[in-house]
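Below, chain A partners chain B and then partners chain C, in two separate complexes.
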Partner chain A sequence: MKNIIQKSLQSGFVTFLKNQKVLAILIPLLILVSTQSNKFWSLYNLQGLWVIIAMDGIMLVGMVMVMLTAGLDLSIGAIMSLAGVICVYLMNELGLPMWAGILGGILVGALGGAMNGLFITAFKINPFIATLGTMITFEGLAMTITDGYPVVNKVLIFSEIGRGKLGIIPIPAIILAMIFTAGVIFLHYTETGRSIYAIGGNEEAAHASGIRVKRVKFITYTICGLTAGISGVILASRLSTGSPIVGSDSALNVITAAMLGGISMSGGVGTLEGAFLGVLTMGVLSNSFNMMNIQAYYQQVIKGILLLVVIVIDRVSANSRKKALERTRGKNQA
Partner chain B sequence: MENNGKPILQMENINKYFPGVHALRGVSFTVLPGEVHALVGENGAGKSTLIKILAGIHHPDSGQIIWNDQPVSFQTPFEAWNSGIATIHQELMVVPQLSVAENIFLGRLPRTSANLIDHKEMYRKAQDILDHLDINLDAHELVGNLPIAMQQMVEIAKALSFDTQLIVMDEPTSALSQHEIDILFDRIKRIREQGKSVIFITHKLDEVFYLADRVTVLRDGSSVGTQDIHELTKDKLVRMMVDRDIRVGTLHAQRKPGKKILEVQNITIDGLFYDISFDLHEGEILGLAGLVGSGRSDVVSALFGIRKIEEGQILVNGKRARFHGPQDAIAAHIGFVPENRKEEGLLMRMSVLENLVMPSTPATSRKGLLNSAVESRIADEFIEKLSIQTPSKWQFIGNLSGGNQQKVILARWLNISPKILIIDEPTRGIDVGARSEIHKLLRSYAEDGVGIIMISSEMEEVLSISDRIVVLRDGRVAASLNSDQATQETIVSYALGVTK
Partner chain C sequence: MNESNIKKPNAVASFFRNLSGQTIWMVFAVLVITISLMEPKFISSSNILNVLRQVSIVGLISLGMTVVLIGGNFDLSTGAILTLAAVVSVNIGPENGPLTALAIIIPLLLGVFVGLLNGLLVGLLKANSIIVTVGTQFMVAGATLIYTGGQHVWVWSPTQFYEAISGGYLMGIPNPIFIFLILTVITQIILKRTSFGRYVYALGNNDDASRLMGIKTNLIRMSTYVFSGFTAAAAGILLASRVKNLDPTIGLGYEFQALTAVVLGGTKTSGGEGRIYNTLAGVLTLGIISNSMTLLNISYNLQLLIRGLILLTAVAIDAKRNQSVAR
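This part shows the complex of A and B:
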C-alpha cells in the first residue's frame, strides 16, 4: 500500500518534470528576449506571433491525435499548400464564391487526410512511408495546378480571415482557440478520444476490448488532414496567395513542437495541452531570434538540435518503460 | 552406450523464484558425456526455466552448477556458449538475410591479416562443419531461403563450430515434418557418437523412447526422478509426470447446467486447428486442456472474433454468429480474458477505471460523450464487489499487483453482463490467495447462469473447477470428459496421445 502511494507520487512527479521540460526552454527564452529587445512585448509583435502560432497550433490538434495512436503524418505541410492553392484557385480562376473556395480548401485537406488513413488502416502501410508518399503526391498536385507559380488572390474580403482582428485579437488566434478547445474536449470527454489513448497504449488490448482500431485511426488521420486544410486556407488568406510550397517546413515544425510538449512517438503518452506549450515555445523561439537579429540559418540549426534532443529523450524514456514492462513480463512466465 | 564416465554437468539443488511462483524447487540434474538426456514434464513443470538457467538467460536463486568439474555461473548466454553449452531455442536465432556460413560464424567471422573478413576461410570452415555432419547444404546459401528444418541444422552446425560438448534443444521437432524429424534424430545420434551430450525437451513420448538414454521428469518445479530408458514404459512415464494426490471436485456445480448457449461446430483455421466441435451450457464451466501449442488459445480467439474461422460455424443461443471482430462478440455478450494480461489485456498507462469500463463505453456513453458519473459508479461497484486492492480508481493499472490486475480485467467483462465468459489461464502469475478468490468468483458467476470456457495449463485448476473437460491435441479434439471421468492421468494421456 505504502509502495503504491509512493509510486503514484513518483509518477506524478515525473509528469510534473515532463511539463517542466518545455518550460525550462520557454521561460529563459522569454527572459532573454525581454532583456535583448524592447519590441517583443509590443502589441504589434504579439499579434504577429499569435498569427504564426495559430498556423502550427491548428495543425497540432490533428497531429497530436495521430501521434497518440503511435502514428505520424508527414504530409500535413503538403496538404496545407494544396488546400491553400485549391481555395484561391476556386475563387479566382473559376470565379466561385468565397464560401465555396474556403469549403473546397478545407474539404481537400480532409480528403487528403482520409487518403492517409485509408492507406494506413486498409493496406496496413507504415504511417511514415504512407504519408511520405502522399506528401510527394500532394506537393506535385499543388505544383501541377499552379504550374509551379503562386496563385494570387484578388478577392479582398478573403484576406480578412488571415489578417483581420476582433478587437485586438487576430482572427487566426480565435480560430485556433476554438479548434484547440474542441480538440481538448474530444480527447478527454469522448469515447473516440479515449480510444485514441487506448490504441497508442496497447493496440492489441484495445482491439480485444472491442475498440474498432482501424476506424479510430482513420478518424485521426482525417482530422489531421482537416486541420491542415483549415490552416492552409487561413495562410492563403493571410498571404493573399495560394503557394504550392508554403507548407514545406510545417510537418517537421509541428512534429517537433508536439514532441517538445511531451507527446511520445510510441503513442499513448502526452496531452494536447502539453503539446500546445511546445508550439508556443517553437513560435517564441523563431520570433525572438528575429527580434535579436539572429540569422534564419542559425535558427534552423537550433531547431534541428532541439528536435534531436527531444527524440533522444523520448527514446530513452520509452526504452525504460519497455524495460519495466519486460521485467514484470519475465517474472510472470514461470 | 557406456554411462560409466563422470557427469559432464551437475546442476545441484537449483531454486528459482518468480513473484508468486516457486518455479524450481531444489532441482538436481546430471548429464553424462555422450548421452541424450530427455527432459519431460507438463506445461509449467519448470523445464524451460531450468534450461534458461543453464543457457545464462535466468540466474538461479540458490544451488550450483558444476560443469566439467568446475563450478560455473553464466551471466550471459554468450558465456554459456563459450564454455561449450549451446542452447537451441524453439524460436530459431538465425539471420535470414545472411548466408549459412555467415550465420555459423556470426560475431566471430574469420579475418585476414588486413582485418577484413576472410570469406574463403569462412566458407571453407563452414562447409567442413556441414559435411562433417553430413548435412547436404551449400554454405553460400541464404538462410532465409531454407526450410525451418534446415535452419535448425544451421543452428546445430553453429553450435558445433564452438567447442561444444553439450547441446540443449527445446522442443526441436515441434515445427518439423516426420521426414525432417528422422534426419534430425539421425544427426543427434551422430553427435552422441562423437562423445558429445544432448539435452532434449519434448512432449512427444515416442521421441523419448526412440532417442533418449536417460529421462528426467519434472513436476511442479521439482524433479520427480531420473531413469534409464530401459527401466521405463510409457505408462510408467505418464504416471511420473502426473501428480496423483490432487483433490478433485472442490468447486463443482451445485446445479444442473441449463440450455445450450454456445455450439461450436467443426470449426477449422488451417495451420492452427481442425474440425473442433463442442457445446457450452448455461451455468457450466468447461475446461479446455491440452499442451501449449495444441491450439487451445487459437480456438478461443476465434470464438471471440479475433481470428476468422475458415470452415464450420459457431452458434450462440442457436443462432449462427458471424463475428467480424471482438466488438461483435462483445455485442453478443461474450467476454474474453486473454492469456497474456500485459500484452493483450491491459492498457498499462491508463487508470483502473478506464481499463474497467473500456468495453462498456459504447453502452454507457451518450452520443459519443463519456458519462463519467456512470463510469465512476461502475468502477466503485466492482472495486468493492471483487475487493480489488487499489488506492483509488484513478490509479495506473500498471501499479497494481498481478492478481488485482486480473480482477480488473474480469470486472471489465462482468460489467457487460456476459452470457459467455472465455478465460485463458485465469491465474497465471497470481499468488495463492488471489487464485482461490478468482476461482470462487468464476464459480459464483457460473451459478448465476454464465457459461464459462476456461483454458489452463495447470492440471489442478482444470480438475478442480471444470464441470466438463475438452482435451485438445495437435489442433484437434482428443477427448471430451465429464468431471467424474477425468483424472489427471486420463487428461495427460489424451493430451500426449498415449491412450490405450
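This part shows the complex of A and C:
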C-alpha cells in the first residue's frame, strides 16, 4: 500500500514536471508567434485555431484512455474518415434526416472502436498490430463506399456544427469542452476510470485485485472509436464533405500530442489535463507554421521528427522512473 | 510434474507450427487450381510472368520485413524508403554510364541510411518499433515531397542497362523475377547458414537471454533494419526503372502489402520464428489474389478493403497460434 501511495505521488510529480516541459515549449512558441505575426491574437485566427484543436482534442480524450492502459490506437484517423463519409452518405445519398446521419457517423466510430477492442481483448492481438490492420480495413471501407471520391454534403444546416459559433465561441470548441470535462470526470471519479490507471501501472496486479481488465480495455477502445467518430462528423460538417482520406495524419498528431503532454507509452502515467497542453502546443505549432508560410511538406517532416523526439523523451523518463522505483524498493527492503 | 505433462503442450505447439508452415503453400495451391478452373486465362504463361513481375517489388520489401520481424520488430517505413529511392534514382537521370551507376548506388545508400536510423532508435531506446518507424516514415515521405517540390520526376532516355533492370529478359524470364529470386535465396542463406541469421532468431525469441549469451543485440537489430532499408531501396530502383515517370507518393502503402505477405507466410509478429520460403508463398498468394481481383474487375477501392481484411485475418491467426503455443 505504501508503495502504491509513493508511486502515485511520484507519478504525480513526474507529470507535473512534464507539464512544465510542455509549457517550456508552448510559452516561447506563443511569444515567438506573437512577435512574428500580429494576426495570431486576432479573434478570427483564435477561432480557427480552436476549431483545429477541437478536432484533435476530442480524439485525444479517447486516445489518452487507451494509452493509459499501455495500448495504442493507430486506426483513429481511418475511423474519423469513415464516420464522416457515413454521416454525409446517410444524409445525402440515402436522404435520411440530419440526426440520423450524425448518429450514424458517431455509431460507426463506436463500432469501429469496439471492433478494435474485440480484436485486442478476445483475440489477444497486440494493439499496435490490431489497430494497424483495422486502420487499413476502415480506410478501404471508406474508399469503397465513396468509390474513392469525397461525398459532398448538400444539407446546409449540417455545416453549422463545424462552422457555427455561439457568441464568439466556435461550436466545435464547445463540444470539445463538454467531452473533455466528461473525460476528466470519468478518469478521476469513476471506478472504471481509476482502474484504467491501475491496468496501465501493472496489468497483472490489477487483474489480481479483481479489476476486469478485458472489459475495461474494451471500454477504452470503444470510447476511443466514439471520440474519433464525433470528431469525424464535426470535420465532415466543417468541410461539408465526407472525404475517405481526410484523417490520414490524425493518429500521428494525436499520439504525438498526448506524449508531448506527458502520457507515457508504457501506460499508467500522465493525465488528460496534461495531455491537453500537448494538443494545445501542437495546434499553436501548426497554426504558427501556417502564419510563417512554412510548406506542408516541411510540416510533415517536422511532425515526424517531433514524434521521434517525444518517443526519446518518453523512453528516457520511463527508464529513470524504473530506476527510481527500484531505489525506493531497495530502501523499503533495507 | 512428469514427463508426459511437459511433452504434451510441445507436441501441440509443434503440430501447429508445422501446420502453419505448410498451410500457406496449401492455400496457394488451392487458389491457383480454383482460379485456373474459373479463368483459363490465368494459367497462360504471359499472365504467370506478369504476376511474378508484379510481385517482385512487394517481394523484395517482404524479404527485409521478414528479417526485421524475425528479430522481433516491425518496419513500416519501407514504403517511404521505396518512394525516396525511386524518386532519387530517376532524378539523378541515368542517361549515361556513370550516372546510371550513381542512380543505383545512391538510392541503396539512402535506404541503408534510413535503416540505420530506424535501427538506432529502436535498438538503443527499446521504443516500440511500430510507432518509431511510423515517425521515420513521415520524415522520409515528407523529405521526398520537399525534394521533388511535390511534382512528378521523370527521366527521358535512360541507358539500356537502366531500362533492362525491369524491362529486360534473361532466358525469356523478366529480370525483376531473377533479382527477386536471387535475393530470396541470399536472404535464406543469411538466415539459415550464418551466425548472424541465428542471432536474429535468438534476438526475436528472447532479447535479454540473447544479450546475456554475449550477442550484440543492438548491432544485430540495427543490421536487420539496414537490410530492410536496403531491400526497400532495391525495390524502389526496380519500380523507377519500370515507371520512369514517378509521382512522389507512388510507393506509400507497399509496406502494408509486404507486412500482410510476411504474416500470411507464418512469420510470428512477436518474433523468433519465420521462414523466407513461406514469405515467398505469402507474396505469391497475395499476388494471385490481386491479379484475380483485377481479372474479375473488382474495383481498386474494394481491393484495398479486401487486403485490409486479409491482413486482419492473418494477424488473428498469428495471435491464435501464439496462444496455442503458450498453452
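FYI, the second predicted complex is superposed on the first by the 306 of 334 C-alpha atoms of A that agree within 3 Å, B and C clash if a C-alpha of one lies under 4 Å from a C-alpha of the other, contacts with A are read in each partner's own complex, and residues count from 1 in each chain.
Just so it is clear, contacts are C-beta pairs under 8 Å (C-beta built on N, C-alpha and C of every residue); 3 or more make two chains touch, one makes a residue touch a chain.
From a predicted model like this one, the values you see are computed outputs, not experimental measurements.
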item	value
Partner chain in contact with A:301 - chain B first, chain C second, else both or neither	second
Partner chain(s) touched by A:114 [first = chain B, second = chain C, both, neither]	neither
Which superposed partner A:192 touches (first chain B, second chain C, both, neither)	first
Contact breadth on chain A, by residue count: chain C or chain B	C
Touched partner set for A:280, first chain B, second chain C, both or neither	neither
Contacts of A:268 with chain B and chain C, given as first, second, both or neither	first
First, second, both or neither for A:207, with chain B first and chain C second	first
Touching residues (chain side chain B, partner chain A) in the complex	18-19, 21, 23, 44, 46, 49, 221, 304, 306, 325-327, 329-330, 336, 338, 341-350, 354, 358-359, 361-362, 365, 368-370, 389-391, 395-396, 399-400, 402, 412, 428-429
Sites on chain C touched by chain A in the complex	74, 76, 121, 125-128, 130-132, 134-143, 145-146, 150, 256, 259, 269-270, 299-309, 311-312, 315-316, 318-320, 322-323
Chain A residues touching chain B - in the complex, by the definition given at the top	1, 4-5, 7-8, 11, 189-192, 194, 197-198, 201-202, 204-212, 268-269, 325, 328-334
In the complex, chain A residues that touch chain C	72, 74, 119, 123-126, 128-130, 132-141, 143-144, 146-148, 252, 255, 265, 295, 297-305, 307-308, 311-312, 314-316
